[in-house]
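Labels for the chains are A, B, C and D, by order of writing; each one numbers its residues from 1.
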Amino acid sequence: MDLNSLYQQIILDHYKNPVGKGLREPFDVSVHHVNPTCGDELDVRVHLVENDGVTTVDDISYDGQGCSISQASASVMYELLQGQELTEALAIEGAFHEMISSRGTIEPDEEVLGDAVAFAGVSKYPARVKCALLAWMAFKDAVVQTQSASSLFSSHDAPNGEEATT
Amino acid sequence: MDLNSLYQQIILDHYKNPVGKGLREPFDVSVHHVNPTCGDELDVRVHLVENDGVTTVDDISYDGQGCSISQASASVMYELLQGQELTEALAIEGAFHEMISSRGTIEPDEEVLGDAVAFAGVSKYPARVKCALLAWMAFKDAVVQTQSASSLFSSHDAPNGEEATT
Amino acid sequence: MTLIAPDSATAWDLSAIRADFPILSRTVRNDRPLVYLDNAATSQKPTMVLDAERRYYETSNAAVHRGAHQLAEEATEQYEQARARIASFVGGAPDELVFTRNATEALNLLSYAFLNATVKKAAGAELPAGADRFVLAAGDEIVVTEMEHHANLVPWQELCDKTGAVLRWIGITDDGRLDLASMAEVITDRTRVVSFTHQSNLLGTINPVAEVVAAARRVGAVVILDACQSVPHMPVDVLALDIDALTWSGHKMLGPTGIGCLWAKRELLDAMPPFITGGSMIEQVTMERSTFAPPPQRFEAGVPMVAQAVGLAAACEYLDALGMSAVAAHEHDLTSYLLAGLEQIEGVTIIGPTNNIDRGSAVSFVVDGVHPHDVGQFLDDRGIAARVGHHCAWPTCRRLGVPATTRLSPYLYNGRHDLDEALDAVRGVRPYFGAA
Amino acid sequence: MTLIAPDSATAWDLSAIRADFPILSRTVRNDRPLVYLDNAATSQKPTMVLDAERRYYETSNAAVHRGAHQLAEEATEQYEQARARIASFVGGAPDELVFTRNATEALNLLSYAFLNATVKKAAGAELPAGADRFVLAAGDEIVVTEMEHHANLVPWQELCDKTGAVLRWIGITDDGRLDLASMAEVITDRTRVVSFTHQSNLLGTINPVAEVVAAARRVGAVVILDACQSVPHMPVDVLALDIDALTWSGHKMLGPTGIGCLWAKRELLDAMPPFITGGSMIEQVTMERSTFAPPPQRFEAGVPMVAQAVGLAAACEYLDALGMSAVAAHEHDLTSYLLAGLEQIEGVTIIGPTNNIDRGSAVSFVVDGVHPHDVGQFLDDRGIAARVGHHCAWPTCRRLGVPATTRLSPYLYNGRHDLDEALDAVRGVRPYFGAA
């Protein structure tokens, strides 16, 4: 195992020059997620737009601090999901989650994941899995909240908590 | 180590035919002691008499149930301490306690301990030390209580408790 | 190490099994071979378990859940794999298993969930969603049985003392069975918890879990099963038992000292406020206040017993390789033999069921005219390790009119030859003490 | 095993010591030799400790305090001898030492003494003589510091949440020292408890115990010292420190996982109601009520961590043979070397005292432009085990304006060559991440 398989150039680039960073308006839901082991925090805002029965991710904005993996992952997520149809965005999220949790057993699909395949190496470093997922879990949590006005989860609750301890 | 060194004939004899057993009047103090590991219980009553500044153990009466060691020990205690001057009785108690706690390192003094030397073998069986001391600790506790009207210890308290856990 | 095919009772290769337990070949007292029959108190450990612990220390030891380095990764992985392995041993999910110091602590963790929820509610402090299930009011009732180990009695007495709840219990019959007839009076609408033992450590009785659970479910009580004497000895499946929580100890099932287990339904754990607090169980901490991680982490503050978890997982491996049904069948055979043997000895009275139906291998007895401790001492002199006393079930002794008992409790590495030795020694007791 | 003469700092035979720790010769990642510098989280174990545990299991394993048979006698004796040995390691008496699962549990045991006394008093339940010392009223104050491990913070927050007591804290200065100037405002007549760390696990700061104790004594508060980071690293004497209670963990001082210690003055223990209840901690039990054994048994319910106690006693033996002053001197030398080395690296900022006065070996730092976790990952790739994160002292990080740190914490088996490796790696961090 080589450190460069974890810190691929594309990750370091996104870390230094994150895309889409900064909290923007308008948004439907804003969530605040924390990685309890390191104390890093991330705010994610989601703005969905519905047109002809098709929901699109009009904007994902984010801000916070964290390690290179978590920051780059947020940036890549923005690039990938911004402007996508919601169903497509959630499919990408699913594929990303699966890859990261796979301990290197899943060959990522570059068609679906684009730049995010650079994070494949993270799956071999269990302590960093949470870093890579932080933004994505926040996104998913936010979407769930937009979907149910009477949300089952507060941003403080289950999804973040769940992730916090794996 | 031989079982017969623990169960000397004299112990088994006292067990079968205890001397002085049964609770009698008059008494100054009555205490109830328990061995928490086995659940055995013993009541001991002490009646002291003072004459010309000399305190004598006029009666020790006892009743309860327990193993051969504890019952025989109470019986031998009765034989040894009954009618003794209190200071002498406490000295015997001290010698007995020392012998029992010695793990076989102390050669008991038959002059002082009489039949109680039969309990020397107990000191090599740590789990039985409490059995042999049960009556004697109760006696000592009772004496302490007669000595201080405003007793520091209730029969339920420290001395028994202390012993209960060694 | 020798592992025989699962559930092949016919292939029970006792000498191969015994070879896995080094301590069994030692001698005691006057060069007597050890006959270890004190398994209800604690079991011996196979080499496989000791090796697993040692391997952990010698290769991967690190603080879990906190590190970016390789050892920390390995330690975390071994710890969490152990959790999954042990959970699956009782049919549970990994995130439903909490490690404690011993079964006693697991039962206290549950009783303190009630205390803490009640006290926090009264103080207006924050509680997890669903915690109302744990808030007690004066007059609420907690039900145990008259055959509980102190570990499943005293914590509930304490809880009642502190909250004004009332402790009630299902009585037992003269032959040491639960008095089911009285159950309907005891388990009522006021009942909030029913906590009872699967198998009595004093009597050997295996309780009719389904009947008790049905009564508890009718009134919506939380159902807790003390499985200290069942998980080591028979197949246990938490889903089949339909209980809310299961508690047991590692040291009685070939595992290390210093580890116990609480399995509980996820929704129950989710609703419980924390017990022991500190590092690794938090979500966020400021000087002013803290929020807590989800279960099982919420209940595992501080550096956990990692090596012990690894050792206990190896014990599960060992037991599953033998097959828990085969273990139970082997013990059942030994129990029949022991009961029959004891019944033939004059002056011996068995305390607990004398028939071998719904009965485990812990067999208590008293000998006419000889105190149980003297009986045990006599056995000890013959190399036989028996237990004497009230076995931490003092009220059960009182109920059955004995101050104490002598107890023999064979396990998977014992054979009939061990029981022959023990029976022979019991035969010698009354003559020695001049009681016959 | 190699034991060198006590306190012969000159004779510090590092290679002989390292030979006692098998794990130190393993490699990690890409065949890099392991450089273990995560000792503030947990220490490695010498063969002597592993052998002691194993010997216990293979020769004398039995349930303690309950048996008439020889194994039970031997197990009890070894357990109680371990208690005496470990108590004497900190200058305490055997009956003042309570075994817990870890230091976190020891601190909770103390905080729960306050909760239980308060709740029982309110309910009119029985309490030990002297327990009033533990009964809290709304407005009573509990004092900690701003450099506590969560283990010495969250339990007190919880206690306050439940009782209406108020948590206060002594702040820290920018260089990570206690702000003694503010102490007089914080410790007042309302203070009932002062609980603070002897040595910060994040900053390395060794606190001025005498000053804090003096302030606490003036107002009659109970004084608790969290010695997790001092007992393993320097001579600690409870009488000289004049404190009421001391808590620490076995796993950080070469001992097994799964065991912690609470030393407390006998009169304090005597006055405390029980925490975890069940078997072995009782005096008498009926279905209606129970009375409790004196300390330390009162606080050790259920089958204890016997093998772990035996292992920890062996660790004390090992440390005393080296001599704790010699251990401290060796670490002091390493700390000077490490501080000096880090200060020379551009972009590195030490979090905590930069001078080596009243300072232990835990050295935290941040690297400009690189997240602490990325620093740790880079070190890991070179075989260096460092810790990253908030180190369970999150409020301390906040106070010092960092989200997290990377921490190196050498111990007795580390040498300058380990630090050279670490420093070399730290030098490589900024170039790798393009931050320099």
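FYI, contacts are C-beta pairs under 8 Å (C-beta built on N, C-alpha and C of every residue); 3 or more make two chains touch, one makes a residue touch a chain.
This structure is a prediction, so every number in the text was calculated from the model and none was measured.
Asks: So which one's got more C-beta contacts, A-C or A-D?
Replies: A-D
Asks: Taking each chain's centre as the mean of its CA atoms, which one is most distant from chain D?
Replies: For chain D, the chain whose C-alpha mean is farthest off is B.
Asks: Quick check: how many Å separate the C-alpha centres of chain A and chain C?
Replies: Taking the mean C-alpha position of each chain, the two centres sit 44 Å apart.
Asks: Once you find the CA centre of chain B and the CA centre of chain C, what distance in Å lies between them?
Replies: 37
Asks: How many angstrom lie between the centres of chain A and chain B, each centre taken as the mean Cα position?
Replies: 76
Asks: Could you list which residues of chain B touch at least two other chains?
Replies: 37, 125, 128
Asks: Using the touch rule from the top of the page, what residues of chain D touch 2 or more other chains?
Replies: Within chain D, the residues that touch at least two other chains are 29, 66-68, 72, 282, 284, 373, 377, 388-389, 394.
Asks: Write out the stretch or stretches of chain B touching chain C in their complex.
Replies: 1-3, 6-7, 12, 15-16, 37-41, 65-69, 125, 128, 131
Asks: How about chain C: which of its residues touch chain B in the complex?
Replies: 29-30, 370-374, 377-378, 381, 388-390, 394, 397, 403-404, 432-434
Asks: Where on chain D is chain C touching in the complex?
Replies: So the residues of chain D in touch with chain C come to 22-23, 26, 28-29, 34, 36, 38, 41-42, 44-45, 50, 53-54, 57-63, 66-72, 100-105, 107-108, 115-116, 119-120, 123, 125-126, 146, 149-155, 157-158, 161-164, 167, 169, 249, 251, 256-260, 274, 276-282, 284-290, 301-308, 373, 376-377, 379-380, 384-389, 392, 394-395, 398.
Asks: Can you list the residues on chain B that touch chain D in the complex?
Replies: Residue positions touching the partner: 34, 36-37, 125-128, 156, 158, 160-162, 164-165.
Asks: Mind listing the chain D positions that touch chain B in their complex?
Replies: Those residues of chain D that touch chain B are 65-68, 72-73, 76-77, 282-284, 291, 293-294, 297.
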